[in-house]
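Notes to accompany the following structure.
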Amino acid sequence: MTAKHRIGQGILNFIFVLLCVAAVAPFLLLLSSSLTEEATLLREGYNFFPSKFSLESYAYLMGSASKITKGYGITVFVTLVGTVCGMLMTFLFAYPLSRRELPHRTFFSFFVFFTMLFNGGLVPTYMMWTQTFHIRNTLWALIIPGLLMNGFNIIMMRSFFNSSIPNELVEAARIDGAGEYRVLFQVVLPLSKPMIATIGLMIGLRYWNDWTNSLYYITDENLYSIQAILNTIISNVQFLSSGQAIGSAYSAANLPSVGIRMAIAVIGIIPILCIYPFFQKYFVKGIVVGGVKG
Amino acid sequence: MAKTAVKPSKKKGMKGTSRTSLALISMMVPGIIYLIINNYIPMAGLVVAFKQFDYAKGIWGSGWAGFGNFTYLFKTRDAFNIVRNTLLYNIVFIILGNILAITVAIMLNFLKGQMNKKVYQTLILIPYLISMVVVSYIVYGFLSMDSGFVNKLITAFGGTAVSWYTQAKYWPVILTIVHLWSGFGYSSIVYYATVIGIDSSLYEAASIDGANVWKQIWHITLPGLRITIITLVLMAMGRMFYSDFGLFYQVPMRSGLLSSATDTIDVFVYKALTQLNDVGRSSAAGLLQSVLGFIMVLSANLIVSKVDSDSALF
Amino acid sequence: MKIRKFLAIALAGAMTLSLAACGGSGSAGSAGSGSGNAGGGSESAAGAGESTAEVENVVVAIPTFFDVKDAQMVADAINAISAEKYGVTVTLEFIALGNWAQQTNLLLTSDEVDVLAFYQTPLTTFIKNNQALPLENYVANASDEFKAVWSDAELQGTSMNGHIYSIPNLRNFGNIRGLDIDENIAAEFGIENGQHMTMDEVSDFLYAAHEKYPDRYAIVPQAGSSMVSGWTWDGLGDGKFIGVLEDCGQDLTVKNLFDTDDFRDFCSYTRKWYQDGLTMADALSNTEDGKNLIRAGKAVCCLENYAVDTAEGCIRTIIIDPWAVSNSYAELSYGINTNSSKPDAAWKALEMFYIDKDICELLTNGIEGTHYTVNEDGTTTFTESDGYQMAAIAWVLPYSGYAHPMAANGPTYFEDLIEFNNSCAKSKGLGFAFDSTSVANQYTACCNVMDKYYTAIMSGTVDLESTIEQANAEFEAAGLADIIAAKQEQLDAFLAAQ
């Protein structure tokens, strides 16, 4: 029995090593190409081991350090503020949805679910945020539109409350005379750590990786996040290589090379890889998927 | 059914309840305001799908176009093609993606040891973090005609190099692999979260009864995952007419020859309208996608609720 | 039963909200149109505006490839002059070319930008969407210096139905098509800069170079997957080339590009090159610039369109003499947003970019001493600061003609450029731009077919005859004939009116 078990574990571990290799190998390719000398990269293509090692891509990024560091600063700030606000709003919205005392509970559930299926499209949303709220070229533009709250997170959090917060506990607290807000913050919140960590990570990831809000609302490059910088470089390259550029007077030599694009991609991913393991144990406990009406 | 049971107690504590509901609703106020501003008011802008959008006149001042903005979607020979592509890819992605994720989640559950579990969980999430544009470069690194790994491998075994970016027939497979690769880690962890929530005493009881691993999976794990699976699949069905733009537009490196296999509704609309800047037409496509997706969810949910009302989404 | 109730409530809720929104945004929308009308009607006030003391600020959007860190510094320097002299100040917004189409299109929904370049999307589209403010009244009342910059005939290039919608910027209006060759290899083969070559000579050279340098691609695309941008066909204001004039725009019959001799001739060469392994195998998925590949030692040469400028590390030869396509003037031009709340001030800003030498110098080169120094021969050299390098892509700016040229371009660069524009051959359809509104559905469908086949056939990656046959069948189904007919009709009407 134990021998059989051990073989089974061996096979499982082997499969997972394969899966991990499949998942990581392309990332290593990315890393290695960011460490390869430019001309070599153009001549030989991508290799898992740089045939001619060079730190020039990273040196270039250090050279435009103020831009990259500023981009990092923006990304970190926006991620932190956005995640905290988004968390709080999601938390405050999802909890009442999980309570039977909430009047028109079904209506509110659908109110959320509807937003997952329909959206007004880019232009109306853009007009809303820029003409009524004037958030263009402000940090708010990176935080507020689209990312703060989404239906999936609300429904997931609500399902967590339904399944993991014993109703008796809430009832007991209320009999002791605690108001709804006290119940929420003193009883429910401490029990919701896994949920908070999970939804927090999900919201945080979206903020960290977002470049669309920059594309729509930001033209001031002082407000570019890391992902926006990367995306702008890549879209410039794509525009040039589409052959649409008129005249010939552009100097493509000034555009960051493939190696640099890869290097920016790498430095955009590394922080997440460092943070994720700390969230992991909560992550798994926090994910609860359930229906809309709950 | 549950409602009737609750009702009497509700009436008894009417006073307390109204204060409670007020407090509860007050919590939701920020979220409600946000959803109204960010989602519902712009939804009114969908009316632009029926308008000949004039920038000087705005959404409301522009003249009506009736269904004129929709016709271009059906005028082409490609109309059938793009709808077929979108639906087929989504169906394949939903089926294979879920099978793969559930398999990985179950394997993860059977795995012993904390450290290796943690490492595996971290590593398989990496693809999820890489943006599609960067993925497209990586894919190119594998598939490029003369410096790509796949061709190096093929020629090393004596085959002839394949020109991947000019032959559409390979791309349904390539795109499926790329999609599964980039998403499997994340969805595995979502399923794994449910799997570990299943009461472990059920397994113990089963193994005492002599049920082998396969039987345990079949009779305990999969039923335990039922609601999660149905919920995720139903939600995915709402997005049935959408596609991951990055995957279908960037990863094929915009090679026109591949378009019969890689054009989905989103890509087609994007390509068709970059020259025309036509807000009305792109809204029309978006509206159609949403409405069709909505119908899909409703009907799928109806079927589910007929068969197994507990698992239905709503 | 339950579901129906939920849905009824949800839908009712959504409707109520939408209706509420109708009210709210509705008034915003009509306010927008009001300002648009005001813009059209207040043109007579243009002259009177100068006497009012109030200085208005105008937002100007300019495309760029670079980070323009010192945009504010340059704008301040411009404002120091313009506030007093023209009664306007400017805010310069530099927008990355890759984001340009998306961002300007959004900006044009409101009055957040006043003056901007119409670029990347055909000018006819901007006009059709009512995004560009008609300028003819402003032009009529403009200063003499302004009128001296562009002739009436040239302004025809940015006009439609009797309205002038934008002002062309200074760049090369025509292009030479030629071959950029690695300078060392060219020297070995005795090919000189500026030499004429026929396609047969190009072909012979490629085979010879391939033999001598088997490790290099003999030829690579000009950029990305595009073998060369344009050739001898004129899309009549349509960058997708759906219905073209052959022979550098000298033949006035609109034809299907794939049926023209010009196209088939060109592609018969590239097809042969590809089959014989001269062309980069990955031509269709390439993302590099051809000249980068030449400089990296991966390629020998690439086709190129150019005017009076040079390419580092390469010599340039001539295959097709310089000629200008129909919409040369409209490809990049500056105009005013219809939603601008201060069109008069916007016009003043626009006008000064074309007439004020100091402002042009600032906008092109930045601040002397900080961003550049002037050499003895009157050319400029960048300083260490990389805060403002727009001079390297002066072709996107409104008018750089008065500025000092960069050293790399030579002391007479702008004179040469203007001379080049005047002397190059012109398509007979010059000034004409096709309006696809009447055949929009067919046009959308044909664009899709063109995207599918154009770069592939041009690069020689696919078999010529069978692919063209396949493409033409798809074109026919997509309604190409309607587009060609509409194009011919519009072109004939345009020529008749000349």
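First chain written, first letter: the chains are A, B and C, and each begins at residue 1.
Here, contacts are C-beta pairs under 8 Å (C-beta built on N, C-alpha and C of every residue); 3 or more make two chains touch, one makes a residue touch a chain.
Only a predicted model underlies this, so the values are computations on that prediction, with no experimental measurement involved.
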**OP:** Once you've mapped the touching chain pairs, tell me: line, ring, star, complete or other?
**Re:** complete
Subject >> Most widely separated chain from chain B, with each centre as the mean of CA atoms >> reply: C
Subject >> Leader among chain pairs (count of C-beta contacts) >> reply: A-B
Original post:
Taking each chain's centre as its mean C-alpha position, how far apart are chain A and chain C in Å?
Top reply: 36
Original post:
So what's the Cα centroid distance for chain A and chain B, whole Å?
Top reply: 16
Original post:
Which residue numbers or ranges of chain B touch two or more of the other chains?
Top reply: 40-45, 58-59, 137, 144, 146, 254, 314
Original post:
Got the chain C residues that touch at least 2 other chains?
Top reply: 6-7, 14, 25, 28, 109, 225, 239, 287, 455
Original post:
So which bits of chain A are touching at least two other chains?
Top reply: 109-111, 113-114, 118, 122-124, 127-128, 234, 242, 258, 293
Subject >> Contact set on chain A toward chain B in their complex >> reply: 8-9, 12-13, 15-16, 19-20, 22-24, 26-27, 29-30, 33, 44-46, 89-90, 92-93, 95-97, 99-103, 108-125, 127-128, 144-146, 148-149, 152, 154, 174, 179-181, 184, 205, 209, 211, 227, 230-231, 234, 242, 258, 261-262, 265, 269, 272-273, 276-277, 280, 283-293
**OP:** Using the touch rule from the top, collect the residues of chain B that touch chain C in their complex.
**Re:** 36, 40-45, 53-61, 71-72, 75-78, 137, 140, 143-146, 161, 163, 165-166, 253-257, 259-260, 263, 268, 271-278, 298, 301-302, 305, 314
**OP:** Mind listing the chain C positions that touch chain B in their complex?
**Re:** 3, 6-7, 14, 17-22, 24-26, 28-30, 32-33, 36, 101, 105, 108-109, 121-122, 125-126, 129-131, 225, 239-240, 281-282, 284-285, 287, 338-339, 436, 440-445, 447-448, 451-456, 461-462, 474, 477-479
Subject >> chain C - residues contacting chain A, complex >> reply: 5-7, 9-10, 13-14, 25, 28, 61, 65-69, 93-100, 102-103, 106-107, 109-110, 112, 120, 171-172, 175, 221-226, 228-229, 239, 286-289, 291-293, 295-298, 304-307, 309, 311-312, 331-332, 389, 392-395, 455
Original post:
Which of the residues in chain B end up touching chain A in this complex?
Top reply: 6, 10, 17, 20-21, 23-25, 27-28, 30-32, 34-35, 37-46, 48, 58-59, 104, 107-108, 110-112, 116, 118-127, 129-131, 133-135, 137-138, 141-142, 144, 146-148, 181, 185, 189-190, 192-194, 196-197, 213, 227-228, 231-232, 235, 238, 254, 279, 282-283, 286-287, 290, 293-294, 297, 311-314
